[in-house]
Every structure is written in structure tokens, then in C-alpha cells.
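Look for chain A in each of the two complexes below; its partner is chain B in the first and chain C in the second.
Right, the complex of A and B next:
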């Protein structure tokens, strides 16, 4: 009996079948690390936070199960939460679109042949790389009606409207913060638009010129539509930025006066760590998560998901 | 088996695994682990985490301690306060608290009470049976603030004490030939003099809730001493006329232009601090800790040798003609030892040294705030005025501190701070404001 004859034909078939199955599903094993990371860092925290939101819990002691009471309180009687939601709405629309518009104008100008364009590009982009903490401290000085920069300029020039209580007036506070955010991030929009503009086909622009399009027509009908992927990228990043807004508000207004400039992340922080209402803060976090989900779906379904700079 | 089938089977498993992990969530008590102390062998490391004292001061304290205790090494991490409370909570929840932690009396200490070692034994072992006599009495009282009925344990010992009061700019007052005001009318006269001269009569960095609360605490102390602590335990209501009256006085400070324009948008630090040191404030509310301005690197002229400032009590608003003799204040920072510390004995040595030993002397030499123990003074003063101010606090005022600056309930504290901002901004009336505070109140557990 030879060694060959010792191999069971059935066993051989099974071995081959296993090998085939492994080869067929090999790609799955490459997915496992990502799945594990997703489980640990995304799924687990989400379920944990949702469960915590059903408890009255300070983050340390045993919690008391209170069903949906945290959500009921949020919806029915929490003025701070309502203001934070309102401000998120303001922030989304009043930062993203002005930043895009101003960034586009700057990019268009600085994409032409003007002297010192690299220096201007650097100056406009610089705020984007400065810490929001530093920006908050500096703008506190600029906004202060008692000896602040804007108030002093107003006093010297007679432009009385500059002497406002920018961040101490509840009606103005959130808009003053939004203005700082627009100032900080317009340069970033400019940079992305510059990259987009430099990727545009010269032939298309020349063709538009040959067809007799003036500057505004060229921008409106050729350049702007061709930068769709940049617009989508900026909207995506803007929405993410809105939902993460914390440092600037925390330094500039601390969410005040009386929650007038509160954002969801600052309100979560206050409830979780200053008031030790971890269960309640978890409920706000769940709302924030839902908001992120809705906005993401809106973007994907309505605007499409082509975010890349290279379509 | 296709990938789809694998995923269909795997994803529910992962969800179930997540759910099992979640079982360790809020429904479970995360009891701190108590570890037996290992036998002392060689160098013992004690960890210390806090927001106060600042890094430079803490380094000096550690050097002073380690010079006398070569068998113990102290590893300190100092944070900003907001970062510290996040660190403290996450470490307590995960059983990795530092051996020694910085605490505030009231709400903060009570939250971590189950994670802290009672310190009476440590204190008695170090300082003897009459150890409490070493401390200013208000510090010992406040160390137990918010303890459940019958629990007389002390979970944190005061390291630094403080008063809250007003300060005035000495050169500005001398130049104007003014005296620090004792009544509201005198305060109005000061305001009349300085308004329009680019000087804030009373500079308040009121975007910080704690500073708004400090001013209100002095007003209510003026009108009804001690009543706010009665309201805290349910023996009075925050809607009582005295509280509303104090809130009305707070509003008047803005309406009468005593507090500067835009105060609600100015931070206490660094916003108001810079303006005060630049000589733009005639008066300002801070506490005894303001003395530390003199010991910061390269102090501006007003702060150098502390020649530019002098403290005074919040003026009387009741018509009595002078403010009350007693003051508000108490513990600035206290230190506790973690229940799961592996080096509780060494931690006790460090803690007591930081309070009343060589470390404490290093701390007080920076004039960071007032000592928690009596008779501890800086080794030297830059000017005679600085020494006089120090003596005012330690010899005259600290023994008269009768009431706490802090409130025991974080929700009431926050509601009061919000109410003060809303009233100052003209959003709600003082009556509505105090109703909001009362709504936030819950009976003490």
C-alpha cells in the first residue's frame, strides 16, 4: 500500500472545499479589524449612552431607572436645551453658507494673477490654524464694550453702532459667536475652493469665454456648478463642525448669558461634569446623535454623497 | 458561506456583546476597589491630581516635601478646573483615582464621598488629638458641608482658605481723594466720579457664574445673614422677600452703572484681571486669592509688591450704615485621599505636609491664598503694605468668617448663576429669577 492510497478521497474533497471557502471569504477577514473597532468605539458607546439616558445617574453611583423622563424633561421644560437646539440651527445655516460664499470669492480673487497672492492666501488661512481658545480670548477683548477694540474704534470714529454689547446681550451673543466662527473658517473654505479652481479645465473656461460669457455668467453657469464636489465637502465639514462646536463658545461666552449662546456640546458638558447629571447629559447626547444622523441622511439623499475633490 | 451570511450571523453577535458590555453601565454601582497596602519597600510613589495650586507652586511644594522625606516621591498632575472635573470623574468611575485629589467643599466632595478615605485618623496621627485647633474653624465646618445626617467624617482637609470681599485701586482712590465706600450711597458717589473717565467703578467679569454668585452671596449676606443656608436645607424658600431684595440690588448695580457696561460678556480671568491690573477698575469683587497677583512673574506696577490694591467689605445696602462684621469665605481648596490608594500612609504624610508642613510653607510663600492653619505666614513680604493686607486677612478677617461662599447643591448653584445673568440682562424680573432658583431646589438627601 502506497502512501498515496492512504489519502481518503472524501477528506481530500473537504480540504479542498475549506480552502475554497477561505479563498472566497478571504476579504471578510480583512474587514474584521474594522468591525471590531466599530464595535468598541462606535456601537458600544452609542448603546451605552442610550442606556444611560434612561437613568437618573451622576456617573458614579448606581443609577435609578426613570424610563424616558430625561427626554420628557428635555422636550417639555428645558429652556437651555431649546436654546441650544435653536442655536445649532442658526449655526448650521449662518456659518456654513457665508463661509462658503466668502471663501469662494476670496479663492476666485486669489486664483487670479494679483501681486502678493500667496501672502494674502496665508493671511486669510491663518485663523483656521489658531486654537479656538486663543481666538476666544482675543475676540473677548475685541467685543468688550468697555475698552474693547470695536468700541474704541466706534468711539474714535463716531460710528456708534460699533459700541454694542456683543456677547453680553442675549439677543446678540450667538450671532457674535457665529461671526467669529465665520472669520476663523472662511480661509479654510478659500483653500478648498482654490484647490477646486486649480483643478478646473482651462478648455471649458476658454469655451465659455469664446461663447461670450461675461465674468458673472462664467462664475454662475460654469465655475460654480463645476465646484459641486467642493460645495458638498464644505457642507459636510460644516455640519460636523457645527455639531462639535465647543471650545470657542466655552471661552467666549460659556454658553451665556443665561444659555443665550448655548450649543449642544457645551450643554452636555455642563450637565455631565458641572452638574453631575450624566444620565441627563446622555439624553442630550442621544439627541445630538439623532441630529447628526438626520443631517447625514439629508446630505446623502438630497445632496448626494460625492464629497471627494476628485470626482 | 458567503460574506453576507457571515455578517448576518456576526453583527447580532457583536450587538449582543455590546449589550453585555453595557451591563456594566449606570445600573451597576462602580464600587471603588480597596487594595491592601503593600509592605513599605524602597521608594513609595504618591500621585496627586488637582486644579490648584498651580504647577509652579505645586513643584515647589513637592521639592520641599521630598527634601524632608526621601522615601516618598510625589507625582503631580495639575489641570485647569474644567479638565480636572472630567479627569476626576472618569478616574473615579474606572477605579484609577490619584492617591491625593483636590476638592471643593460641598457638592464636589459629596459626589466623591464614597471614594474618599475619612481623614480624622490621618490628622490625629500627625497633629495629635487636638488637631482641629490648628485650623480656622470655618475650614473644619465646611469640610463636612453636605455630609449626610450623622456622618461626622472629614473626607477632605482644607489646604487653603479664603474670604470673598471687594478690592479698591489705591492710587485711583488717593488721586480722587475718596475712601472705600461703606454704604450703597457712597458706592454711587464713587461710580459718579469714575464713570466717563474710562474707569469702571466696579469691574465684574460676570460671564463667569462664580463671580456673579460671589456678588449675590455678599448682597444676601448683607440683607439676611445666613438665610441662604436655611433655604438650602428647606427651612426657608428662595422666593422669600430677602432673596428677591438681594436680586433687586444686583440689578441696581447694573442700572446705576456701578458695574461696567458689557460685564456679562467679560470673563473674570483673564478678561477682568487684565483690565484691573491695567488700572481700569476702581473697585472689583475678588477674594483673598487676589494677593497672588503680586507673586506672578513680571507683575504690572499695580501688582508689584501689591502696592496698588486694598481689600474692603461689600458696602451695606440695608441702611444700617456699615457692612456686617462677619464675612463669607471658607475653603479655597481641600485635599482628599482616595479610598483605593495603595499608599494611604505615605499619602497622609504628603497631604499633611502640604497643609501644615514644609510643603505648606512653600505654598504660602507664593501667597496663593490664605493658609488653612493658623500662624502660617509667608517667609517674606515685598512691601509693608503687602504685609498689612496679609495681616488684615489672617488676623482680622479669617477668624470672623462665619458663612460659606459655596452652596451645597450644584443644581441650585447653577440656577442662581443663570438667574443672575437673566436679571442683569433684563430678561426676567428678580421675582421670576428666584422662582427659577426655588424650582431647581430638591430636598437634601
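Right, the complex of A and C next:
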């Protein structure tokens, strides 16, 4: 007790102030570990690819500085790159909207008192938890022209259009991959719509019913607009998902035949790790990065899209 | 539920069920096929109807796989990579989310949005630099070479989820604890974490699934077969089992079973986890 009485008031106040300042600084240390990992594995890599994209470099020896030549080659004369851009465009529209549409229908039905709704939900979401490699190999078997499911069904029923070279026909390859993606991710859309539907109040739905609006009108004018935040999240996640599509293509077509189903990630991998053109692949990475950043920032900042319904 | 009654009236229950059943069959077919082909007898050279027609049932493929491939080893590798990444994501994100939600420091919101940039990055843009960083730090071809990037890439989403939970946490409880002499860490550990389970579950499941199934970084990081995770196993044996789809599909089935079991037991958490925070939307 005596020691406390010996401290004079001014000193204790100063001690408090210093302590407060330290505590204020210490707060920053709560986020430092997360920021350090971010700096090493996200921010530094971004700077790295920008720099590497200006070099002709095989990843081992010192590279040669070639200014923007990698980009010039990409834009002017690289067919694989052009096809990858075209396919990204197809992929964006032909996966996101069918997945949203189907996912919404399933969610709407399974939000009611349907018997077995939990089992149905489980079935539709199941592909989303399976490794994309497993899914790719199984679908390869479905698409196989020799003894594959679709070909054999076509052979027996006489529906000749089912007997296609789904993954080796340059006209079909990308769409065959897209179909698998829709199969895999529709359940995810369904789950997000279920969450959105459960967030709607009963009164909203009832009010529309009292007005005599029929089911389709109610969905179109009441339910669908009120799920705007879910649509935006699904489109945002869908665009980013499109731009990082790799495993499925890698297993099904490797980007072929002759780049017909190339996507930017498969093209990066091929150039960097199979052709040892790390500089050139970095330039493709920069394009992919800018594409992703511009499209996502637009959605987040201008449209107000969020990464999670929890946000 | 009114909407349910109207739905039944307008479309007819039968049509709805028919639609559901047809869709469910399409969704189940590839999974059933995977199982059936894995039981294909060795004397049947190629599956017909993608494997829906078998000449018999045989366990020969599984025996062959367990003789030739150390599947339990790969399973353990996946765990060695996934569990630490989940642990680190939780530990670092809880701290950071609490900091962002409750504490004050220099240009806080700038740091927050900087971290969120990660979510807009396609992982394939990072494979070249991460490959080089891992080589420089001698993490190439080691478990850490995947654990650290998976942690770094998982943290931002976890922070979003946890911050939004912490933001909604009543300040009074926290203030009371602070008055009782609890430090910021103490409040986080004793007051907030014990009630954060719904959000933590979402983060755990999400991080577990993404790390467990991640492919492209694993492909460019792991060289020795002995330390490869399960996702890479089909590639290891694609040559050896090229002419034996039965054995390949047995591998696929073995890979899929653990995650399926977790899913079946945790389904409630998967679904409610994905939907829990939506009610406020």
C-alpha cells in the first residue's frame, strides 16, 4: 500500500498516457500476422508478375528485358490467348446464368414443404464438394465416344446426335466443359438462394398473395427483385470462378484440341510449366489479374455486390 | 406456408416432383457411375453405358489399388496440409477480425479493403510467383509450401465472416468485461469466441473444403509422390491405370468417400452454415 501512495499524481497520469499510446499501437498487432501473409503471398506476387512480364525468361537463368514485347505478341499474334479470351466470355455467360436460373427454381421448390426436401438439397449440392479432378475423370467417361454413357444411349435409342466427340471436337469442347461446370455448381446457387428466400419475410409473400398476383407474377415482381443481393453475390463469385477455371479443363481437354477449349489459367500453366516461358506466362497472368480486378471492383463498388451473404 | 399451398395449386404437385426426380437423377448419375465402374470385374475390358451396365460385381479393383497405391499415405498428406491451414486461418482471422471490428489503429479501413483484394484474385495468377517464392524460401515440395499460401488465401474470407459477426455483437457485454479488468485479448477469448461458433463453423468448413480440393497450387508445388495430397492422386496413377478404368474409378471413389462422409454428418452445418448469416439480408 505504501508504494502506491509514493507515486505522485502527475507521474501516474504520464504513465497512463504512455500506456494508452502503447495499447493504441498494440491494436495494430492484431492484424499484423494476417497482413504479413498477405504481403508475402498476395501483394508481392502481384508486383512479381508485373515485373516478370517485361522479360523473356525461362524461370531458371536470368531473363532478358524486352519491354512490352510479351504483351504485343499476346495481342497481335497469339491464337491460344485469343481463344482463351473468347472462351472466358462464353464461360461467364453460359455458366453463371444457367446456374442462377436452375438454382433459383430448385431453391424456390425446396423452400416449401416438399417431402424429402433435405435429401434433394443434399443431392444437388453434392457435386460442389467433390474434387474437380474426380469430376473431370468421371465426365470424361460419360463423354467418351467409345462406351461412354451419352454415346451408348445414342447408339441404342438411335438418337445419333448423342454420339459426338464431346471433348475432342473443337466446336464442342468448351461447351462440354461448361455443361460439367453447370452440373457442379448449380447446387451452390441453390443454397445461396435458399438462404436468401429464408431471409424474406412471410408478410411480403402474403401481401402479394392477397393482391391476387399469381405465382409467376409474384416471383417476378416480388421475390426475384428482393433477392438482388443474392444475384449480385452469385454473379461476383461466378465471374471470379470463371476466371480461375483450371482443374476441370486440365482433366477433360487440357485446353485442346488446338486451344479450342483454352482458358487463361490453363494457358498460364502451359506456358509457365510446360514451355518454360515464365515471362510470357507472367504477361498472361497480368492480363488475367487486371481483368479480374476491373470486373470485380466494378461489381463491388458500382453495383454493391458482396462476397458473402454474411457480409 | 402460404407460398407452398399456392405452388401446389398452380403447378401441380406431381409436375414438381417429376421435375425434382429427373433433376436428382441427372445429378446422381455421375456419382453412381463412379461407384459402379469401380466394381467392374477385371475381365470386362471397357465399361458400357459409361459404366451403368456391368457384367458382374468385383472387388478386384480395390484390391489392386490398395496393393499398388499407398492411399492412406495420401489421405494423411491431405490432412497434414488441410488441418494446419484451417487452424492458422482461424487463429489469424479471429485476431484480425476483432482488431478490425473493435480496435482503432492507423488507416484501419485501408488495411481491411487491401486484404479483401485477395478475394478478387484468380489463384492461377499467383502460381508463377508462389512457385518462385517457395523455391527461394525452400518451401518448394514441402507441406509448408501449400499450408502458408492456403492460409494467406483463406484469411480474407474468414475475416469478412468473423468481422460481420463481431460487428453485431452487443457492446455492453464487452464493456462490462473490460470494466472487470479484461484486456482486449481477454474479451475476445472469454466473451466473444465462446458464442462465435456459428461463424467459426462456416469458416472451418469453407477453409477445409477449399484446402482439401485445391488443385493448381498443389500441382506446381508438390513434386515427390510421397507428400502429394489426395487431389493429385488420379494424376499419379493415370498412366499406370490408363487401360484399367475400374482401378482408376476405385481410386476416385476412395478419394471421394472421406469428404462425402464429412458432408453427410455435417450437412446440417453445411447448409445452415451457408445460410446462417443471411437472415439479416
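One rule holds in what follows: the second predicted complex is superposed on the first by the 263 of 311 C-alpha atoms of A that agree within 3 Å, B and C clash if a C-alpha of one lies under 4 Å from a C-alpha of the other, contacts with A are read in each partner's own complex, and residues count from 1 in each chain.
Simple rule for what comes next: a residue touches a chain if its C-beta (ideal position, glycine included) is under 8 Å from a C-beta of that chain, and two chains touch if they have at least 3 such contacts.
None of the values given here were measured: they were computed from a predicted structure.
A.B. asks: Using the overlay on chain A, decide if chain B and chain C clash or can fit next to each other.
C.D. replies: With chain A aligned, chain B runs into chain C, so clash.
A.B. asks: Can A:147 be said to touch chain B (first), chain C (second), both, or neither?
C.D. replies: both
A.B. asks: For A:195, is the partner it touches chain B (first), chain C (second), both, or none of the two (neither)?
C.D. replies: A:195: touches chain C, not chain B.
A.B. asks: Go through the superposed model and pick first if A:73 touches only chain B, second if only chain C, both, or neither.
C.D. replies: Touch partners of A:73: none, neither chain B nor chain C.
A.B. asks: Contacts for A:275 in the overlay, against chain B (first) and chain C (second): which applies, first, second, both or neither?
C.D. replies: So A:275 only meets chain B here.
A.B. asks: For A:41, decide between first (touching chain B), second (touching chain C), both and neither.
C.D. replies: second
A.B. asks: Please indicate which partner A:292 is in contact with in the superposed arrangement: first for chain B, second for chain C, both, or neither.
C.D. replies: The answer is second: A:292 touches chain C but not chain B.
A.B. asks: What is the contact status of A:246 with respect to chain B (first) and chain C (second): first, second, both, or neither?
C.D. replies: Second partner only, chain C.
A.B. asks: Tell me which touches more residues of chain A here: chain C or chain B.
C.D. replies: Larger number of chain A residues touched: C.
A.B. asks: Would you indicate which of the stretches 7-15, 79-87 or 259-267 belonging to chain B has clashing C-alpha atoms with chain C?
C.D. replies: The answer is stretch 79-87.
A.B. asks: Could you list which residues of chain A make contact with chain B in one structure and with chain C in the other?
C.D. replies: Dual-contact residues (chain A): 24-25, 27-28, 31, 35, 43-44, 48, 52, 59, 137, 141, 144, 146-148, 250-251, 269, 273, 278.
A.B. asks: Could you pull out which chain A residues touch chain C in their complex?
C.D. replies: Against chain C, chain A makes touches at 23-25, 27-28, 30-31, 33-35, 37-38, 40-46, 48-49, 52, 59, 106, 108-114, 118, 120-127, 129-135, 137-139, 141-142, 144, 146-150, 152-153, 183, 187, 191-192, 194-196, 198-199, 202, 205-206, 209, 214-215, 218, 229-230, 240, 243-244, 246-247, 250-251, 264-265, 268-269, 272-273, 278, 281-282, 285-286, 288-289, 292-293, 296-297, 300, 307-311.
A.B. asks: State the interface residues of chain C toward chain A in the complex, per the touch definition above.
C.D. replies: Per the touch definition, chain C meets chain A at residues 1-4, 6-7, 10-11, 16-17, 19-20, 23-24, 26-31, 33-34, 37, 46-52, 92-93, 95-96, 98-100, 103-106, 111, 114-133, 148-149, 151-153, 155-157, 159-161, 164-165, 184, 199, 202, 209, 212-213, 215-216, 219-220, 230-232, 234-235, 245, 248-249, 252, 255-256, 259-260, 263-264, 267, 270-271, 274-281.
A.B. asks: Taking the touch rule as given, give the residues of chain B at its contact with chain A in the complex, in rising order.
C.D. replies: 1-3, 6-7, 10, 14-15, 17-19, 21-22, 25-30, 82, 85-86, 89, 92-93, 107, 111-112, 114-115, 198, 200, 206-209, 260-267, 270-271, 275, 280, 410-411, 414, 418-419, 421-422, 424-425, 427
A.B. asks: Quick check: in the complex, which residue numbers of chain A touch chain B?
C.D. replies: 21, 24-25, 27-28, 31, 35, 39, 43-44, 47-48, 51-52, 55, 57-63, 65, 80, 137, 140-141, 143-148, 165-170, 173, 250-251, 253-254, 256-260, 269-270, 273-279
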